[in-house]
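Two complexes, one shared chain (chain A), two partners (chain B, chain C).
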Partner chain A sequence: MTQSALALLGQQKVLNSLRTLGLALAIVLIAVIVQSQRSAFLSPENMLTLVRSMVALGMVAFAQMLVILLGEIDLSVGAVYGLAGTVTATLWLGGGSLPFTTPLLVALAAGLGIALLTGLLNGFLTVRAGLPSFITTLGMLNVADGLSLLISNATTFTPAYNEPLPPAWELSFFHGLGGALMAYDIPVETLWLVGAFILFWILRHRTVFGFRLMAMGGNAEAARVARLPLKKYKYVVFVLSALMAGLAGILDFSYVGSVGPTQSSSLSFQVIAAVVIGGASLNGGRGTIMGTLLGVILLALLNNGLALLGVSSFVQLLFIGLVTIGAVWLDLVSQKLIRSAGQRSVRSGTGAVA
Partner chain B sequence: MLKMTSRTLRSIAMPATLALTATMALSAGAQAQDKTFLIGIVEQQLANPFFAKLQQAGVDAAKKHGLETMTAESSVAGDSATQVAAIENMINRGAKGIVLDPANASALVKIVQKARDAGIIVVTTNTSLEPATAADASYETDNLAAGELIGKWAKARLGSTPARIAMLDYDLSDKTAKARHDGFLKGFGIAEGAPEIAGTALTQANVETGQSSMENLLSAHPDINAVYTINEPAAQGAFLAIKRAKKDIVMTSIDGSCSGVRSVADGTIGATVMQFPTNMGTLAVEAIVKAVNGGPKPTGVNNSGTILITDNPVDGIESKDSKWGLENCWGE
Partner chain C sequence: MIRLTGKGITKRYGATRALDGLDLDITSGSIIGIAGPNGAGKSTLMRMLAGEEKADSGEIVLQRPDGPVADVWQRVAVVHQEPHIWPNMTVEQNLAVGREGRWFGRMAVDPAAAEAVLTRLGIAAFAHYELADLSLAVQQRVEIARAMLSDADVYLFDEPNSALTEQESEALFTTMGELARDGRIVLLITHRLNDFVRSCDRVLVLRDGRISAEINGAEISETAIAAHLTASHAGEKKPDTARAAPGATSSRDGSPVWRLARCADRLDAFRDISMDLMPGRIIALSGVEGSGARELAQAIGAFRPMCEADRKSLTPRGRTSVSYLAASRRHTVFHNMSVGENLAARLGLGALGGRSRLLDPGRLEAIAREGIARYRVKTGSPEHPITSLSGGNQQKVVLGASMEENTDIIVIEEPTRGVDISSKADIYELLRDFAARGRSVIIFCTEVQEIFDVADEVVVLSRGRIVGRIDMAEIADIPTLGDRLAHYESLPETSAARPAGERLPSFA
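Our next item is the complex of A and B:
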């Protein structure tokens, strides 16, 4: 029995790497097709555009993967992404419905602070009040969007053309957060993506925290018996998710050079799509950072590639929807396969992996 | 085990094949037109019929020249981030010209500079950047001239009756709203704050706020006999209030949407000024084509045309009737 359980685990592992491989293959395939039609695709400029477009999606998706690993979901990230940028802009530049302004650093802290607060609230309502996180965060999505509009008075903020102009050092510091270009015209923002990837990879795959997340998500009942701190961990993942969303919002504000009302809510669904395409299970207990990164790359590639091919933005949406559904379907099919294979090996009493 | 693996592989290959065939089908269509140069058209949200008409005009003009087009649009009002990303894609794709309807006058300046540095001709439509010289040229409605037309017409309609004017404005920090407001006063021949202005109200440029603002103004100033409105929905709302108060009032507006022209035909609106999104899109594309083919580069802010639409023409102001208006209007 132990042997066949081990075999099952082994097969799961094989399947996981096969799925990752399949995803990587799909990415290469799409890239080859786009390149064959549009030689501009593999140009350094376009590669930079592509990587840059993954920054917010990736940073938020890594954190979302941890939430999903616990069997929860955070739909509010898109709105929190917008809220953090808007709060920062309104406090720093004025012109919204707040009667005062603050220096940049205070405004940045407030932007991240409000993201932290939404994360804590999501955690509190889910853990303490026992509401399903789907509802909690759906509500929070609207709360955060409403708050953005209320605070900013639906204004578009552009620091470089603001009246009065902020001090020069504040402008260059803010630009330096995400928008400034390094050698070879690489935007600073991409460093944040790389940093977030490393951080979350270690957190998920090399720490007790990550291992326990997977264990608890896979079997909440067993986790309770083993006295694992499930509630505390839920708080942590919701806060991480909201913080990454807030940070990404501020970085994109820095890169684009302006922030406007409700530009963001579609991000939530792109993020969840990326995590799911990356092989995470919405039931919890399964998901890798590498897979999520591949999911992010696939979505960014579809957006960029279809745009280069001249496909209208309406049709692009359609594609992303179909790919998401296809990925989950694939997931379901492969899970069924592994279960029946596992049962077969249990019945025959021999390990399938010899 | 072996059997399972092959099945698994097949199920993994499924979505990949799906993506492959679909992408090939799409690209096969796009490839055929690669002979001439590429032109990018960036609009604001297409839910607004004005923007949809403008984009369609640009695409049609480009097709006429056998050009390939790449289009993109904001998802909501003020969404400049999507426009920035779209222009980046167009630069990478090697577009020769970009027609841009900026979601925000200053937020797009940086990326437009980048495009122009790459040798792309950027022409704005509908509204210009801040400063307007950030783009090569602009094709837009001269809103000051539009305001002047209805100001003059209202003055002529009132004749010797002492004017009591209600101004139904939109946020005057908006360039278009300010120009229309100033133009009306100029055309009417009065200054800001003149005693002829009975009252002003801030609307959201829609029917609801047009009605409520007009109700308030009429209670405060029952002697109002002329109304300026920022656009036709505001005028239609104001008319509901006027009808309930059973007043005979000279109503003016600006836009030239088909619903607005129908309001002119049924007497709800006395006169409106039509603007021409189709002209904007067409002129912008023509200007780019000319410049790319070695002609002069387009410059400056160019008027895409304004025409007074009324069934009560007055001497000295050129106008067209609502029948002509219905043949040339845009939107629903």
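Our next item is the complex of A and C:
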């Protein structure tokens, strides 16, 4: 009986579920600790704040997970997030270094368009020029940050107080994209997070696209021999990643009601931390959307909880760094233990029969 | 009936002609062997059929009953010698990659077909395990399963059984025969001449980029093929099937290099192992996948923890040193380095450092030059990249690198996997020389021929225990050895109950 239970441990599905469960337990544990110290934690207001703080992180992390699944990395997302918001704002509101303005819809399209362009460029440099994506996207991080500053002239844009004021329908439409509140004061932005989660979960776990990404990330050489479209898929994941970063930037702009330069620098690294805490391997071939969501929740929860507990922001930073390292280490150790237990039973039990 | 023809196929790499006007005419119905020394163009021909390379001139035509096929490679399934599989995915998922069939939903191939193929290959129990957790032999069978599941016209097996045991090979050849009788073209490329004799009705001998001879039906024998293979290599040694020199075996009365007393594996792959590693002796460990023989070799090679009988304390190694060579050259060759660097790769500062404790390029070069001569590596210069060598020469380099370590024990898994006949003879001789210097050599190998050629003693494992020991001095020919091995492997599990204190500890 125990033998077959042990043999189950080696199976991939079981391994993945156990790891997800472990992460969920860690989240519950942190929540309980924070709640026991500050009863305001579980209040609806704080929960809304918490969920809202996950939106950009989550949307960008889902796409980043696909990049990492393929064995590449996209460091430029933080800057693209800022660039898309800045381009939209400058074109719509004026006041930057551009000599003209456009209607909101054109500005939005331009914001997403420039994100798309950086994604294509990342893909081109990685696939065609053969540069390591770490270098490509590190460069793109600086290029996009520089472009944001150049275009915006380092101005902060606030649509509601802009001179001249944009048409009323544009203001309300833009506010409606992410900032408007629905029933129970839930911001529209959270719907985007839920939508992105469902979309990316299907893409990763229920399409040939996700399946092949996993194969390509696991063994690129075998994928080449099996004639999987590796290059095309690389373009697609870089474009997806950049688009999600751009979209998140615009939605946060809508929610916050203003956008300024260099608000984005640390997002890239938080996103990667969340993906890795969620069980993805930087070597490629491993990673789930559910795990990534839990990684995002864990990071957001830590930020929120530590702030509630009144920990200074310096110490918060230190704490989050240690948690990132600790979580990945713990995962590694527990995986090893579980796997060896599974292997042992395969050898002494079912393996001998088969 | 399917017919595969090629006319005047030529392929050049720089100055060398890998294929030089090769003509080919193959029809379905039986297994066709392709033999040839390393560098004869076998792998180039294979890559061409698989569509991984394009011919410089000439063309390959695949004629089906309903007309010629446009893209030949689409109808070709290849079993690569080094499995091309996905370590991060389950066995089942590996079968589905590239032939998911639909864009949306749960990705898997037809479960009934997959189940049948996996059962036939004996790996159905592993369907939901990740390949990274499974052994090389299982991984290679997954590669075979992938080919068998594809509905191809041409099946190309490149050393498919190099990680399989005798019985498993037998099952594989049966399957290949069924494919052939089913009207497919089945090609077998291997260095094991015996496999041609067992399975093929027709053997093509490839030399210098073209087919130099064809052997049919009853004329196929190991000597006939070997004669064609070595025709112009007359100066080179033929495989030396003589036992180790009497002088080497006389030292068996001395004290062992290392003594194993009731050793066990922490993951229970083997237990209760007692054996003496005597100087000057080559011991072959034999056993099917899961018998623990491979794991025991790895444990002796210090590549895997080995415990005392109480399963807690690690077995002390004492003052013996050991070097270990893994089965797959993927895990032994440093592909990014030159021949010379590979030879020196396992050495420390003691051998490589000058007086300043910095790396001494002169000593590195001296080691490389000596090593190339001593281990009979055929290369233009020590600076050539190791990837430019043939498989047999790469193997000699990694073997040399581990011998350079000058350890008391050397453990080698599959010493001549994917190695041609003349390199094989060299490698056996190197192993015997090494043993003759008072060292202990342990090999894990699945090939009866190889055990016969090189071993002084065989230890047979089954279900994690030693079930038999064979002194090779008593064995006169290969069939006798095969029978003895099969006899030990098929013994029923010994009912001798384990002592109460020796229970498998429950996993905490």
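Heads up, the rule we're going with is that the second predicted complex is superposed on the first by the 319 of 354 C-alpha atoms of A that agree within 3 Å, B and C clash if a C-alpha of one lies under 4 Å from a C-alpha of the other, contacts with A are read in each partner's own complex, and residues count from 1 in each chain.
Going forward, a contact is a pair of C-beta atoms (placed from the backbone, for glycine too) under 8 Å apart; a residue touches a chain by one contact, two chains touch by 3 or more.
Worth saying up front: this structure is predicted, and the values here are computed from it rather than measured.
Q: With the two complexes superposed on chain A, say which partner A:225 touches: chain B (first), chain C (second), both, or neither.
A: In the superposition, A:225 contacts chain C only.
Q: Per the contact definition in the header, classify A:214: touching chain B only (first), chain C only (second), both, or neither.
A: After superposition on chain A, A:214 lies in contact with chain C alone.
Q: Who does A:282 touch here: chain B (first), chain C (second), both, or neither?
A: neither
Q: Just chain B (first), just chain C (second), both, or neither: which does A:186 touch?
A: neither
Q: Which of the two, chain B or chain C, is in touch with more residues of chain A?
A: After superposition, B is the partner touching more of chain A.
Q: In the superposed arrangement, which partner chain does A:117 touch: chain B (first), chain C (second), both, or neither?
A: Neither partner.
Q: According to the stated criteria, A:341 is in contact with first (chain B), second (chain C), both, or neither; which is it?
A: Both: A:341 reaches chain B and chain C.
Q: Where does A:327 make contact in the superposed view: on chain B (first), on chain C (second), on both, or on neither?
A: first
Q: Given the touch rule stated above, what does A:45 touch, chain B (first), chain C (second), both, or neither?
A: first
Q: Hey, what residues of chain A end up touching chain B and chain C alike?
A: In chain A, residues 11, 15, 341, 352-353 are touched by chain B and also by chain C.
Q: Would you pull the chain A residues touching chain C in the complex into a rising list?
A: Interface residues on the chain A side: 2, 6, 10-13, 15, 206-209, 211-212, 214-215, 217-219, 221-223, 225-228, 281, 284-286, 339-344, 346-348, 350-354.
Q: Residue numbers of chain A touching chain B in their complex, please.
A: Going through chain A, the ones touching chain B are 11, 14-15, 18-19, 21-22, 25-26, 29-30, 33-34, 36-38, 40, 43, 45-46, 49, 53, 154, 156, 158, 160-161, 252, 256-263, 266, 304-313, 315, 319, 322-323, 326-327, 329-330, 333-334, 337-338, 341, 352-353.
Q: For a test of understanding, state which residues of chain B touch chain A in their complex under the given definition.
A: 1, 4-5, 7-9, 11-16, 18-20, 22-24, 26-27, 30-31, 68-73, 75-82, 84-86, 88-89, 91-94, 103-104, 106-107, 109-110, 130
Q: Which residues of chain C touch chain A in the complex?
A: Residues of chain C touching chain A: 50, 52, 78, 80, 84-90, 93, 96-98, 100, 102-107, 122-126, 128-130, 133, 267-269, 290, 292, 463-464, 504, 506-507.
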